[in-house]
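Provided herewith is a single structure, encoded as structure tokens, for subsequent inquiry.
Letters are used for the chains, namely A, B, C and D, taken in the order the chains are written, and counting of residues starts over at 1 for each.
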Amino acid sequence: MDLTYDSELESFRDEVRSFLEENWPRQGDDAVQAFRQRAIEAGYLYRHFPRKYGGSEQEAHPLKGQIIREEFGRARAPSEPLGIGPSMLAPTLLERGTEWQKEKFIPRTLTGELIWCQGYSEPGSGSDLASLRTKGELVGDEWVINGQKVWTSGAHLADYMFCLVRTEPDAPKHKGISYLLIDMKQPGVEVRPLRTMTGTADFNEVFLNDVRTPRDWIVGERGEGWLVSRTTLKHERNSIGGARRTEESLNSLARLAKKTMRNGRPAIEDPEIRQRLATIEGYVQAHKYSGFRQLTKDAKGESPGIITLMMKLFSTNLQHEVSKLSLDLLGADGMLSAGDAHLGKPASDAQSWIGAYMYSLGIAVAGGTANIQRNVIGERGLGLPRDAAAKRSAK
Amino acid sequence: MNFDLTEEQRMLQETVGQLAERQCPPTEIHKRLESDEHDAALWSSLSGLGLPGLAIDAAHGGAGLEILDLAVVSETLGYHAVPGPFLGHVLAAHAIGLGGSEEQKKSWLPALASGERIATIAFGEAGSVWDPEHWSLSGSGSLTGEKTFVPSAADADLIVVGLTGGQLGVVEKGASGLAIEPVDCADLTRRVFHVSFDDTPCETLPGGAAAAPAVRDVGLSLLAADAFGGSHRLLDMCVEYAKTREQFGVTIGSFQGLKHQLANMALDVEPNRGLYWFAAYAQDHAPEEAQRMAAIAKAHITDRYMQIGRDSVEAHGGIGFTWECDVQIWFKRAMFDRAFLGTPSEHRERAVQLAPWAA
Amino acid sequence: MDLTYDSELESFRDEVRSFLEENWPRQGDDAVQAFRQRAIEAGYLYRHFPRKYGGSEQEAHPLKGQIIREEFGRARAPSEPLGIGPSMLAPTLLERGTEWQKEKFIPRTLTGELIWCQGYSEPGSGSDLASLRTKGELVGDEWVINGQKVWTSGAHLADYMFCLVRTEPDAPKHKGISYLLIDMKQPGVEVRPLRTMTGTADFNEVFLNDVRTPRDWIVGERGEGWLVSRTTLKHERNSIGGARRTEESLNSLARLAKKTMRNGRPAIEDPEIRQRLATIEGYVQAHKYSGFRQLTKDAKGESPGIITLMMKLFSTNLQHEVSKLSLDLLGADGMLSAGDAHLGKPASDAQSWIGAYMYSLGIAVAGGTANIQRNVIGERGLGLPRDAAAKRSAK
Amino acid sequence: MNFDLTEEQRMLQETVGQLAERQCPPTEIHKRLESDEHDAALWSSLSGLGLPGLAIDAAHGGAGLEILDLAVVSETLGYHAVPGPFLGHVLAAHAIGLGGSEEQKKSWLPALASGERIATIAFGEAGSVWDPEHWSLSGSGSLTGEKTFVPSAADADLIVVGLTGGQLGVVEKGASGLAIEPVDCADLTRRVFHVSFDDTPCETLPGGAAAAPAVRDVGLSLLAADAFGGSHRLLDMCVEYAKTREQFGVTIGSFQGLKHQLANMALDVEPNRGLYWFAAYAQDHAPEEAQRMAAIAKAHITDRYMQIGRDSVEAHGGIGFTWECDVQIWFKRAMFDRAFLGTPSEHRERAVQLAPWAA
């Protein structure tokens, strides 16, 4: 065990630092774009994408990935643009797309020129993809698509959607779905904002009425859509980011406890608050060192084991505890409305804590409810038998 | 020994419930969330049932009933998330009834009993101060300063204001120097304001200091009742959803995971019925327990309500997190019930200070 | 709502008090027996049993029942003897037994002369009675019984056992079981003490090898055993006893908190401990007033509703919280062994708290696990659909 | 950066695990619960693997390894609930190694490294006092007073005793005035004693005051490691039981109710692996974090262990509550790990005192 980096990695870090010193910050309207281009050339961004698709074509090296994240973070330099296109669509195409699809879509997606949205969830389907109802029919050289998608972030800004569509109505449920790409800027696509309980419209509903897409805008084979949608990138997983965010939450909570009075003195001096903060810290530190362990395992090419199935629910639970304590600390301000804080941004005042309080529920709900995750941990992690109902549905 | 509601109380709940179902079902409430207008028609209907004067002396135009009657109505209003000034109004009327001079009562109570005029209480001060002992707004004859988190202040004709020394005063609508600022609160069925005074005329209630803690305790009991009603409704909504929604080819309520969560939720709801009953009953009939039981009921039931609110979002999956889903209405009422007049932790600490076992 | 008793009931209370003043305490070896006999004659004990079977044949009146319990408790006078015979077997016989069974067994059971034990649970059957394996075969005029029972309290002291035995091997699972009475003092009955994790043998295993019982020692018809075993007495339910015990637990906890130091002062002054005690009190008071409400409903002959399905799990959860707080207060003494305290006895020192800590788990486990109770609340209480596996087994 | 065990550490765990499976499987442990004899054969086998001297300097006959190595062995001993004096022994040796004079080390450590002699620590005092700062037993040259909850004292040849001012002294077996009373503790795999001194000769460790807090922190790390191993074992037992036991015609592990409980238990176990690793690693390599991380790891993991113990009884149903069931062995080790050297609450409070975010 050794938590320092060896000399090779330390000189890699020096290299990254010199690069950053020379190249960031820079002036001009296209400063970010130009910087990213240089960073790709230097091998620091899109490391797993071939050069011909706009990547820097580096061998997987989770520790180098971590160092790059650390140094770019420290310098506040632009990293890979956020968004579902670079993080989900591009890797999927890289693995499952045809050559022309890769050439056409990946480079401009990586630069952020093309904006994507995701069309998986439907009203009433939730975590059960088998019940997907949006239909696609091949008419001549085009797919004609009808149906409705929901929880689609950024649909109003997106150029394209990658989505799951039932194209083989006679096939067994999981095998009747295809993965299609759709141009969002066409008649028949209607985007309606979907407000969450916080009051903000962070999501959309998307209605698809006789929407058309070329026959070959399908990724993978017909009926393989469910499999294609599960393509995930394990190249240089960021095992530590989540833990760092919960660590920041704890620090924010402590700051809140310092400026809040309780029983006539700062809440940070109240034994109950101290016990609760320390209990949360137990989870935060467990999170942190589990992340270190995952990073190491990834670097060695070994499997970190069951822990990878758990970290999402673990974070959700932890965020719940943080949120509950924050509400207790807010006192009367606990009845305020949510600001428009999102998790991830550090909360700075009472309303953003309320926002985080509500979003901690959104997390539980998004991307598979907690109960689905418990099933996965129980069945795939612990090897418990599947339950009767699920078995039936899988047939 | 008869620890149950009377036939009259049950009928009162039924009547109020029917009115709420008719005049403000969730679809209607959703519309009202978008407007900050006082719903005069609804208030008038509630007044038609005599609710504003339920616990005001018959001599002053009220029904002369008890705190328990206010509480069972609060349960029903909470169950239906009925919007409006009921809570602040009945507390203000109670304050005047307990602490006012005969003349003050005569001058104010009849119009409050009929619902013609609306009243509210201004007990909060900056720094999460609610307790009469800690009020710092002072002034004799006129006030200068601020009170926080005053429900329905914009619609109130009278505001009963907590003053230093635990005194109470009354400020009338349109008084000079009175300014009312809306607060951006989560619960849009009970709008809240910060109220400031600048040399504002204020009439003191002679018995205010004795009345203030009792009014607070009644408020705690009514919040507990509202929270019981609201958590009960959330449970009903979740059960209904679990019975109708299908996933993997079966109704989701047949999955043990969800079924056990709903059973655990039920354990957090149903046993609180008797607790709020007794807290309210004690206000009139068990003075030695009134203060402590109000604190325990408020802390326990509003805390459970908030948890039930969280559980309900989860039990509904993605839809539960949307604005359109009804869950958010009650979730935010839970936020109000939990924080208004002091958080569960504060009342737990008070309950221990008053506990025989801690002495 | 009125928490006082009306004048009729207050004069009933006076009557009970005078009776107690005259009759208890008394001298002599048979003082308890003689007192009970007088109390039965006066109409205070076994109110729901006909006089011919040794009861006092009173109309059901839950409030009188409550007053009797209160006054007998205050005077520390002997009440109905504890034990599974008077509380379970006698009421079952009263409702389902034949005339000769009632005459033979009820009177001497009520006096405590006959001691009974219960034979429901089997190794591996737990809460699933359908999987019961003890077999009974009718050979001539006798049932011949083979099998094993477990969790049998008092089996080493019992004269008889009432038990469930599979007598109809070809019938559907729930319908193949009969309710038989067995003489424990015969060859073939072997009782082995069963130690619990506390170290004490509070239970037994009972092995039945060719054990015999007369053909007519069956209660109800062949195959009706499961139904017969569900006969429960709702005559004058004690709705308040459970809440009173949890109230006592809270008081004991507070005493423990007063004499324990924490952060340099008595734990009762520590804000965290105060919050936890007050949180427990919320549940205790909810328990108490739910009991009052049940008592009233019983007195009116109305159903208290879903609450009756909940109170067991509610108590278990509450006892868990009490136990956890006690362990936190015990400090280093938290590693001691269990004394032989049982729940119900007030715990007086560290070891009895440890005993209560362990027994709080035993409660969860005895008489149906928590999960079975959650099923019952969900299905019978909330009307949720039964799950697939259970449906299948019921067929 | 390599946050993982070395091949050697993994092999060490495997070897110790195999020995435990061979020499003290649960059936054997059950037999030992009935006897209070020291198991010399088992100790001798563990000594054969070099465990008693694992972290003792090579110069004094040990393997010269680190605290992390002791911790990974503790995990394995915890997983198998191995009975005996390991914990107290290695802590006492560590105390002498850190605080002893060269001469003292020479005289004591070789026999401790080989396991020929057994040592333990006496850190506890009446009133749940464990912290060196608060030790009140005093005496120079000879001791009079009492220490509480001393593991394996009856089998120990040396006892490292905590003294006033955070000093350490060594009392040898058979010293005059030394009395050893068994304590009726739940965990029968690590027997505990009260030890009293009556003018008993005691040799002070010159560097004791500096060593004592470090020894305490190592102790906390090893308890955390033992707790991780034990909670992992309980989870494995529950999963195994859920896979094999049938009810209502199916294996009970297919019921969502139990499945989700087991998933929740897994969430309380697996993520703690890295936490105990780092707490132990910090003792040698991150002195600025060593004290705080030891407190956090001990508090968090032993608390989770106790909860996993409770969950495991429930997951086993009735059988889980019996003496014969293996669960009780680990349940009671959880009680020891939780209370020994201070409860989770105490270490949480200490962790906050040391926290950068609380400053």
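Following the convention adopted for this analysis, a contact is a pair of C-beta atoms (placed from the backbone, for glycine too) under 8 Å apart; a residue touches a chain by one contact, two chains touch by 3 or more.
Everything quoted here is computed from the prediction, not taken from an experiment.
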item	value
Relative to chain A, chain with the most remote C-alpha centre	C
Pair joined by the larger number of C-beta contacts - B-C, C-D	B-C
Chain C and chain D, separation of their C-alpha mean positions in angstrom	41
Rounded Å distance, chain A centre to chain C centre (Cα mean)	53
Contacts with two or more other chains, residues of chain C listed in rising order	262-263, 271-272, 274-275, 371, 374-375, 387-389, 392
Chain B residues counted as touching two or more neighbouring chains	250, 254-257, 259-260, 345, 349
Residues of chain C touching chain B in the complex	1-6, 9, 63, 66, 250-251, 254-255, 268, 271, 274-275, 277-279, 281-283, 285-293, 295-297, 299-300, 305-307, 310-311, 313-314, 317, 371, 373-375, 377-379, 381-388
Parts of chain B lying in touch with chain A, wherever the complex brings them together	124, 127-128, 130, 148-149, 183-187, 192, 245-250, 254-258, 261, 306, 310, 313-314, 317-325, 327-328, 331-332, 335-336, 338-340, 342-346, 349
Touch list for chain B against partner chain C, complex	1-6, 68, 239, 242-243, 250-251, 253-256, 259-260, 262-264, 266-267, 270-275, 277-278, 281, 285-286, 293, 296-297, 299-301, 303, 345, 348-349, 351-352, 355, 357-358
Residues on chain C engaged by chain A in the complex (per definition of touch)	262-263, 270-272, 274-275, 387-389, 392
Chain C residues within the chain D interface of the complex	121, 123-124, 126-128, 130-131, 150-151, 194-197, 199, 261-263, 272, 320, 327-328, 330-338, 351, 354, 361-362, 364-366, 369-371, 374-375, 387, 389-390, 392-393
